[in-house]
Structures are given as C-alpha cells and as structure tokens.
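These notes concern the structure reproduced below.
We call the chains A, B, C and D, going by the order they appear; numbering starts again at 1 in every chain.
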Amino acid sequence: MKTIDLSVKIGKLKLKNPILLASGTVGYGNEMSDFIDLNILGGIITKSISLKPRKGNKPQRIVETSAGMLNAIGLANVGLEEFINEKIPFLAKYDVPIICNIAASSIEEYVECVKSLDSENTIKAFEINVSCPNVKEGGLQFGNNLTMVGKITERVRAVTDKTLIIKLSPNVSYISEFAKICKENGADAVSAINTLVGTAFNINTRKPKLSNIFGGLSGPAIKPIALAKVLEIHLSVDIPIIGVGGIMNWQDIIEFMIVGAAAIQLGTLNFIDPTASVSILKGLYNYCSERNIESISKLTGSYILE
Amino acid sequence: MKTIDLSVKIGKLKLKNPILLASGTVGYGNEMSDFIDLNILGGIITKSISLKPRKGNKPQRIVETSAGMLNAIGLANVGLEEFINEKIPFLAKYDVPIICNIAASSIEEYVECVKSLDSENTIKAFEINVSCPNVKEGGLQFGNNLTMVGKITERVRAVTDKTLIIKLSPNVSYISEFAKICKENGADAVSAINTLVGTAFNINTRKPKLSNIFGGLSGPAIKPIALAKVLEIHLSVDIPIIGVGGIMNWQDIIEFMIVGAAAIQLGTLNFIDPTASVSILKGLYNYCSERNIESISKLTGSYILE
Amino acid sequence: MLIISSPVVELSEIQKGIFLQKIKSPEIAKEILPGQFLNIKVSEGFSPLLRRPFSICDVEDDNIFLMFNIFGEGTRILACKHKGDLINILGPLGKGFNFDADFDLAVFIAGGLGAAPFPFLFRKLKNQKNIISFVGGKTKSEVIKYNIPNYSVATEDGSEGFKGNVIELFEQEIKNHLSKKIKIFACGPNGMLKALSDSVKKLNNFGYNLTCEISTESAMACGFGICQGCPIQDANNPDHYHLICKDGPVFNVNDVVL
Amino acid sequence: MLIISSPVVELSEIQKGIFLQKIKSPEIAKEILPGQFLNIKVSEGFSPLLRRPFSICDVEDDNIFLMFNIFGEGTRILACKHKGDLINILGPLGKGFNFDADFDLAVFIAGGLGAAPFPFLFRKLKNQKNIISFVGGKTKSEVIKYNIPNYSVATEDGSEGFKGNVIELFEQEIKNHLSKKIKIFACGPNGMLKALSDSVKKLNNFGYNLTCEISTESAMACGFGICQGCPIQDANNPDHYHLICKDGPVFNVNDVVL
C-alpha cells in the first residue's frame, strides 16, 4: 500500500481526512458509534445547539421526495447546558475533532453560546448555522441577509480563537457575496450548502405534509446545486470551503473537492448508511493511489475549465 | 361522464385546461405533433426566441443527475424572422393558444421582439424569460435583479395588450418580491420556476461536463422547491401563477394547483413521454369527478394550512 | 444494531394483497424482540432514497418474517424480490413490547396491518399466558388474522363479526375479563390507538388497572435516533417529544399523547 | 415515430460483457432502417430519469435487436430484464445510413460497440453489394464481430490482427480497392470518426471519390428534436449546429465537424 495523505486543513484545524458528518445528521455521535468507530472520521459536526433546549416542530417532520427529502425538524436540541453536561463527555472519549454547530435567533445568543463553549477542549471549531430554513426566527431571516451574516461573523469572531466556520444558505442569488463577507469579518471557512426551501402537499387533504409547511430539501437531488455554489465561491473568494449537499459516495466527494471543497460533509447519507464512511475512505484512497495523487488536498479546486 | 370544467384563466387568456408545454421542451410544436394532437393541450409555449438567431452553447449541453437533468442549451433558437416565417404558419393550423417566450440581452431587445410579434394573431400571450441561467448576457443578470425585472415588465407592457407573463428565476431569496414587482408593472401572470443553477464535473478529466460549466437543473428533483416558490408567491401576491418544475404526472399538477398555480407547464417530462398529457388529462378529470369538483380552477390556492 | 444484507427465502401472499416475506437472517433472528422493527433498503441505488420501516412479524429459527401490503413505491419493489435476492436490513431497532411483565391475560388488538407484530409476540407468550385478540378492519378482506390466537373480528361495514370498530368490540368484550390482571398490546392506525387510549383511561378511572402498550408509527428518515424526524408528544412533559424510532415504537399508553 | 411497450424475448451474451437483447416489436420492426436508433425507457418510474439511446442492431421478422455493454445504471437495468418484461421504446428515430446509393463496395468500419448498427445494415446489403469490414478495439476481447461480414481486425495492443487502430488498418487496406466506387459506413468513438474523416479527405484530395457516412453520438435528453441537447457543428455553416438525434445520427462526413 502506498501512503496517501488524506489529511486536509480548514483554517487552523487539521483533519485526518476530508469526511465530516453534517450537523443534524449525526446527533451527538452516540447512535453513530454503534455502527462505526468514530475515530476514522475527519470530524463530527454536532446537531445545532441553541442556548435553551428547543422542542422542535410538531410532527410530521420528514417527507421523502424524488432523490431527496424535506425536513422540518425545527432545530430540536437539548440546549447548551445538557450538551455540555451530557453530550460532550461522550464525545471527549474519541480522538476525533468535534465541530460545534450553533443556531440562534439573535446575534447576542450566538455570541453567548460560543462564549460558553469556547473553553470546552473537546470542541475544536464552531460552525455557525445562519441558514436553517425551518425556524421562524433566525434561520433564513439571517442567512439571506448579507449585513446580518457579516455582523454575526464579526461578533462571534471576537469571542473565539477557534476555527470559525459559517454555514451558508443556498437560498440566495449569489452565495459568493456571503462567503466574501464571512471572510472579511474573520471567518476561517464556510460550509456550503444548507438545505433548500421546499414543500410538499397531500392532494387528498390539501394540507401540507410538514406541520411547518416549508422544509429543507437535502439528498442527491440537490447535489448539482451544491456543486455550483461551491464552485461559485471558489471562483471568486479565497476562503476554505466545506462542501455539503447530496453526497452519496466517494465519487461525489472527489467531485466536490475538484470544484473547490477543502473538506466535505455527509448528511442524508448517514440516515441510509451510517457505515458509509468506511467504504468511502477506501474509494478516496484508491482514486488518489491510481493517479499518484500523494495528498488528497491537492484535489481542492483542481478543476480544468479550459 | 360528468361534465367537469377543466378550463382555467390566466389574465385575459382562457385555456381549455391547465396543461401548457414549457418553453424549450416542445420546440415549436412540430415534433410533438407526431405524438399527440396538439389541440388537446391548454397551450404551447415556444422555445425562447431572440431577435437574431442564436447558435447556442457548444456540446455537451445535457447531463443527467439524480432525478433531474442539467441543460446548458444557451437559448439556441431560429431567431425572430425564421420564427415568424417558418414556425408560426405551422402553429397557426392548430386551435391551441400559442404563448411566445422571449429572451433577450437588453431591455430594448425584449421590447423590439414583442413589438414585432404583437400583430401575429397566432400568438395569444408573451412569456418573458428573464431567468435563463445558461447565457452570459441577460439571463440571471436580469432575473436576479429586482429593478431590472420591474423595468423589463414595464417596458414590454407598454407595447402589447396581450397577456403578459414573466417567467421568474428561482435563484433568489424571495421570489415573491419579484412577483410583486411584476404585478406592479402590469404583468398579467408569472411563471415559476425556471431552472436552478447547477453543475457537474467529470472526476477523471476534472473538467465540467457542460461546455458552459453551469447549467439549469430541471426534473422531479426540483419539484419541492418549485412548489415552495409557488406557495410563497401565492401567500403574498395576488397574481395568477403558472407552476412549473418537476411535474411528472397528474398528481403533481393537483399539488401545484393546491399551492396556488392557476395553470402549469410540463417541461422535462416531454422528453421522456411526449404523450403524457393524454393520461394526465384523464387523471385530472377523475380527481375532480370523484370529489365533485365542478371546475378545476377551484383548486387553485385551495390549501388548508390550519 | 446491525446493517446486513440477507437473502429472501420466500414471498407468500397470505391473503389478497397481504404479503409475508421470509428472509434468512440468523444475526437479526437471534437478537430481535417482538415490537421492534427493521429499517429496510428496498433497492440497490438511492431510489427510493430512504429506508422503509417494518415491524418484525415473526422469527423462526434463522428466518425472519415481514408482513406488508403494497402501499407505495417501496413496498412495490419489496414485493418483487425473488428468492435469493439480498435485502439490506438495519436493525433491530427501537423498544419492543414488554411482555415479561406481571399479567394473567394478554389482549392483542390489531387494526388492519397492525396485525404485523403479533405472530412473534404470540410465539413468545404462548404456553405462558392466556391470550385473547381483537382484529379489525374496514371490511372483511382487510382483516388480518394470520397467526393471531383466539380472535374476535370487528368490521366497520359488518361484513364479518362485530359491526363497528375494533375498539368498540374490545370495550364490549373486555367487561367479561376485568377481574383478571390484564395487559393490552395494540398496533394499528393512530385513530384506533387514540380511541383505545381513551377507553383504557376510562376503565382505569373506574378503578381497574389495565396496562396498555401501543405500537406507534411515524415517517422516519433514519430509524435509529439521529435525525429527530419522528417525534411523539411526551405525556409527562409538555416541553418534550419522545422519538418513536428510539424511545418507541412501543410506548405505555400513559407515556405519550396521541 | 411510435411510443410502444414491447416484450423482451431473449437476452444473450454474445461475448464477454456484450449483450444482445431480442425484443418483439412488430411495429418498430416494420418501420426502422439501418443506422436509425431507439430511445429506451429502462425502468418504470423516473429513475434513471432520461431515456437511453441505442442503435438498431438488427431486425428479424417481428423482432428487433439491441446490442450493448453494461456502461452505467441504465444499461445495468436493461441487462436485468427477464423474458416477457416490457420495455418502453420511442422510435424509430433519426436518419439512418443511405445504403441505396450508387456504389460497388461497401466498407464497414466499427470501433468497439460501434459494431452495433452493422448486422442490420449487412442484412440489407448482402447479395446486393460487395462488403469488406474493419473492426477494431483496444484489445482482443473488445473487438465485436457479431454478424459483420468479411472483416479484418485491428487491436491497439496487437492481441489480434493488425496492431494499431482500425483507421490505420483501413488506410493500409483500402489502397487495394481504390479503383472501385466505395462507400464507407462507420460507427465508433469520436476520435475514430475524426481520424477517418481526415483520412477520407486526404484520399479525396488525391482525386479519389470515396463517400463516407458516419454514425455519431451525443448525450441526449429527448432524441427527437425538441430539447436542442445534441448539437454537432455544421461543416457548411459556422453559425449552425445540426442536431444529432434528428438530422443524424448518421451524417455524410463532409457535412459535420467532429
């Protein structure tokens, strides 16, 4: 076996490989640990945490669509305190970088969350979710507002030295403008993309299938859109990009890296095959090995546009 | 057989049923006429016409994706003159409303096109394409710019009394803002949605699969997004909406009407089953008949949100 | 919890439109308990995208059984599997029936395809407990009695047995048994479970002490607790949802709000 | 043009990895001509979404034949069809070979799966014209000779016949025939067609008069001219593309730029 360096860097953060598990699709790691050794992962991004526990939306929260799914979980989470007391101790046992995803309905709440968590050694980076389509306050109100995203980045940057990642909304015309303002305000990286706003109705009852009416579309259906957003950012802003959206296999990961992703996140795939990372790692290794690519990070932005 | 009224109205335009064939997916009608009697349709929307003929983008123009396809045709079309001389005479033989879709790279070009076509009796309405993602000039530059969409609507409105439909881009944060400006400037209806920007790369060559790099995503993958856009418009702007995006069967049409569509367009489906409208019409009829819905137009915006 | 590809042994149509799929899966067979479920990948690729949840219907030696009807795309694909085709199974999932508990009479209540989990529960309880069952459906052809012991039938149109819903039948019949220590196991549509819940609470308000476990359903993305997609209201804490896939699908009727 | 569901009669593997599918479709069989193609819906639902184009390989009475390898998802599904399964066919599509024209010697040139359209063309020409064929592939196992008459083989690795590509072989051999009125029919990868085109032009510049028709390929959405998805540069008008599905897939080599 050749030695292929699968490690990648996101700001100060070094990952053993580019595979992160996406926020909201891995819980706080415990269930996934029944299926795989978490230590093989590049990192884990926890379910969005808010200051106080959130109950989330009423059922129904999930609808399957063609090659995709809508979710309207509504950021159901245990809240900061329980996260620190109950969830971090479990994650601390592993040798895998934990990226803490934060959701909030005001700038102050973002700041307070990050402040309270900054001293936790287990947490190696923050991913700021400014783009959840399933909540009334915060969410897209923030994610689609350039000034607001700039401010959130600036204020959160001021209270942490850890790697700071802003998770961007795809529900905008030019995502690169958002990436740019993140960079200008000190973000180390951006994640692209969160889910796209969608809906589905029952034609017999004429009611929405989701109690929240609208939900977020994820899965292979959105992959071409996510790739375009990553490429758009890479073509115009010099900031590490974490690609996410519809990744189902190692080929998809290579495609995301080629268009500019420094690392990637597996989301919906975790629901269908929580062990996927094992075979994916082999696929990445073989791809690089067959092409004499010594370091997978060389693939990032290696597109040829002629 | 009960009599069910399948007719719908879009501004002044009365259609015998809600089924329109979408621009770019039916050419100028002749090929489709080999498969179905065009007269059964609610209407036909011609391939985007520009002032001068357009060659379109280099191959490759088409990529299949999960439950979708990317196209980067680049508005290849015969141009205004050939359209009038060669295409309209064929369409004139049918008793089916022809909606002429217009693309342009300047406001003046839109105006000139509409002016030149306004006297054609065969043309019953104009659909203004401000949202093609596959061309450098015009296209999204216009479609994602609120002021520009307003201006185009206003200027085109000034030169025609025919039903004026603006075809909106989904690549924006709040499509209802665009619908609103269309209404304020005199549009009779909006079509939602055009394709979403996407891309796909070959992981062996590291080159884009489309010569144009980016393309427009259509097909069932985008249906939840299209439904959400239609509902968003219906919830806040009082303007007839023509729903389009991922419709594959009669159930999808009912769903689009429930969330607010007055009529719909079949796009990608035409490539796979050019005869689909025949069975779809039966499905629509049966749905209404079983529920004693005398007029299908009653379904428009009949959602129950509680 | 396992993810495993296991071969179909046989598909039988136990009554019109109701299929029983026998799958050889010693690993699952060894571990699974009545009331738990499996999340099944019905096709090789990602169409349909999500797994489909099915109750464990029965276990016999190395074989497991699923019972289903053709509801949509996923079950249509499942019903087309040939002998030897591999099916990818994730499970055993969730918390099943608590059937070791202290009771004299087990009461099974099944609405339509809610009959699915009972053959396995019956296998575990027979020779140990007395069992009576109530099975219901809209009409005769929808009533499933497969391997359900000692049953009475209710049909809404009266085409077989009691005319009315299965909970009304239960209410009428249970009166003859109220002296015993009763545990009810129920599975069926939400409306039925809700009616049962009201009924049990009424009886218990009269001083009886019926225990009742219900198997609930929800749309699911993961089936093992990571997506938060399957909430059911916690009866004891208005600020909390249980997860049907992880905390259920079987709940004590007092623990959830239907 | 028809849209029709026709039953599979038989699937045979004519050589490792190369399948021949026999479908009973009298309607298509009656109409279709060599070089035309069919656009096939490989599954019932919309996964994969688009139809897949295949050349007509042969026609025998009421039956039509497709030849393919397992390339991706669509062809994998196609190769799994059982006898009696219905396949939805849209066709006949495009313009085929112009084989009635005035020539003495037909030259078939096939690269790899480019062999697909020749059995049918051979059926139409045999007993009427002299035919010689050149078939090529990277290596022995990739060369397809199925129902191709009077062939010479070229392999790039020299594992069978001439060592080199099939156009080099053609150039070497055609010299012995240049006195005849020649019409070339070619199908294969773009690179091969391009080399052939250069070769033919060179010969014609020397004063010979070879006619040459090539069967081209492109990604397609519709296959019948409504999507504009399959352009190929018109050799006579820089501002115009031909559509491969409608104006082709067979073109005179002088009419297109590869």
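Basically, a residue touches a chain if its C-beta (ideal position, glycine included) is under 8 Å from a C-beta of that chain, and two chains touch if they have at least 3 such contacts.
Since the structure is predicted, the reported quantities are computational estimates derived from the model, not experimental observations.
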> Quick one: which pair of chains has the most contacts?
Replying inline: A-B
> For chain A, which other chain has the most distant CA centre?
Replying inline: D
>> Suppose each chain is reduced to the average of its Cα coordinates; what separation in Å results between chain B and chain D?
In response: 36
>> For chain B versus chain C, what separation do you get between their C-alpha means, in angstrom?
In response: 47
>> Distance between chain A and chain B based on Cα centroids, please, to the nearest Å.
In response: 34
> Considering chain B alone, which of its residues make contact with at least two other chains?
Replying inline: 63, 66-68, 219-220
> Can you list the chain D residues in contact with two or more other chains?
Replying inline: 46-47
>> Help me check something: in the complex, which residues belonging to chain D touch chain B?
In response: 1, 3, 41, 46-51, 90, 218-232, 239-241, 246
>> Show me the residue ranges of chain D that touch chain C in the complex, using the header's touch definition.
In response: 45, 47, 73
>> Please output the residues of chain A touching chain C within their complex, sorted ascending.
In response: 24-27, 31-32, 34-35, 47, 53, 55-56, 58-64, 66-69, 71, 73, 76, 219-220, 248, 268, 270-275
>> Per the contact definition, I'd like the list of chain A residues that touch chain B in the complex.
In response: 63, 65-68, 70, 140, 144, 169, 171-174, 196-201, 203, 205-208, 213-215, 217, 219-225, 227-228, 231, 246, 251, 254-255, 258-259, 287, 302-306
